[in-house]
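For clarity, chains are labelled A, B and C in written order, and residue numbers in each chain start from 1.
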Amino acid sequence: MKLVKEEIEIETRKLYEVIDITEKVEAVLEKSKIKNGILFANSLHNTAALIIQENDSSIFKDLEKSLEKIFPLNEKYEHSYEGNINATAHLKNCFLGNSISVPIENGKLQLGTWQRIMFIELFEARNRKVVITIIGE
Amino acid sequence: MKLVKEEIEIETRKLYEVIDITEKVEAVLEKSKIKNGILFANSLHNTAALIIQENDSSIFKDLEKSLEKIFPLNEKYEHSYEGNINATAHLKNCFLGNSISVPIENGKLQLGTWQRIMFIELFEARNRKVVITIIGE
Amino acid sequence: MKLVKEEIEIETRKLYEVIDITEKVEAVLEKSKIKNGILFANSLHNTAALIIQENDSSIFKDLEKSLEKIFPLNEKYEHSYEGNINATAHLKNCFLGNSISVPIENGKLQLGTWQRIMFIELFEARNRKVVITIIGE
């Protein structure tokens, strides 16, 4: 059994930017030479999300609209010293999560046909980091 | 340390069908002979959820009602070419998640007294797949 | 590759108590002597949450307010035999989740600058258990 760890850097440009990081993750997997096992991706941030979904912009427009309705910007928040976009970013992160796992089969990510690894910026332009951990053989 | 992987097939019959897959997962664990470690279950779908909860139908009736209120069917969605049930299924998946982990103790799933592994269909009758990965000794 | 498992006990005192368990988790990691790998924390409960977030009470006041709005106490719930706080606790758990993972780097939890491991009581005063599983070398 082998363990491989590597960091992926993501530069986001604005609130609600959605970035498909599947290829970057696959590159780490390929380099690891691990053929069978499981891969973990952990985002090191409290105001961004990391999920598995279809890479279809219409889904993320709907997600944005839902998030704005559930966590409205024009309400009073306690965590307000960086503004309401930041306050609600923390809440959205709590609901969407910041880590995923993907099984590995024959040296490839075992994702469903339409599944992709999607990073969602919930605050503003930032340098973000995702740690990839692979365990397998 | 040992690694075991196996796929579980689930045939769902309708929207909001909730299926307790704990016994199927336990069967994979038993066959693996792994006594101590951790098990991962990854659903390969963007319109279904995989969570740990109590297997009590009243909870899932409440969950259905909450989901319908948060993601109403009678709104306009961008991801509409498969209808609004599909559009909202993607959103519900983003919030509920599609993977879980369970520690293994003495060859058994180490779940809380009332915890079970529950698969929730969020779209329509489908053949679904969950990948089980077990790491342990 | 090494595997270490240990349980953490948490005594909560009331609904919405938020407990930073990062130091308890770090103590398990330190004892394990594992320098590189990944750590999993699994809460064995359906009415509490385990998430990664900033340890700032203002965020959790906002989270409480959001949860109360999304899952109002003054509605009719099917899962009502332990009261509506319990009914909504199950729903909140479905959305927030009950497990997290953290990479390990140089024998330390590899968390972002403001990330902490936070346990949230969603029901009432209870003895809670979180299982820590560490895989690494």
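One rule holds for everything that comes next: contacts are C-beta pairs under 8 Å (C-beta built on N, C-alpha and C of every residue); 3 or more make two chains touch, one makes a residue touch a chain.
These numbers come from a predicted model, not from an experiment.
Taking only C-alpha atoms, you rotate chain A by 120 degrees to land it on chain C; that is to the nearest 5. In a homomeric contact, the two copies may use the same or different surfaces; for chain B and chain C, under half of the interface residue numbers are shared, pointing to different surfaces. Separating the centre of chain B from that of chain C, both taken as means of CA atoms, is a distance of 20 Å. Contacts with at least two other chains are made by residues 1, 70, 95, 97, 101, 135 of chain A. Only residues 1-3, 5, 40, 42-46, 70-71, 77-80, 87, 90-91, 93-95, 97-99, 101, 129, 131, 133, 135 of chain B touch chain A when the two sit together in their complex. Residues 1, 36-38, 51-54, 56-59, 61-63, 66, 70, 95-97, 100-103, 105, 110-115, 135-137 of chain A are the ones touching chain B in the complex.
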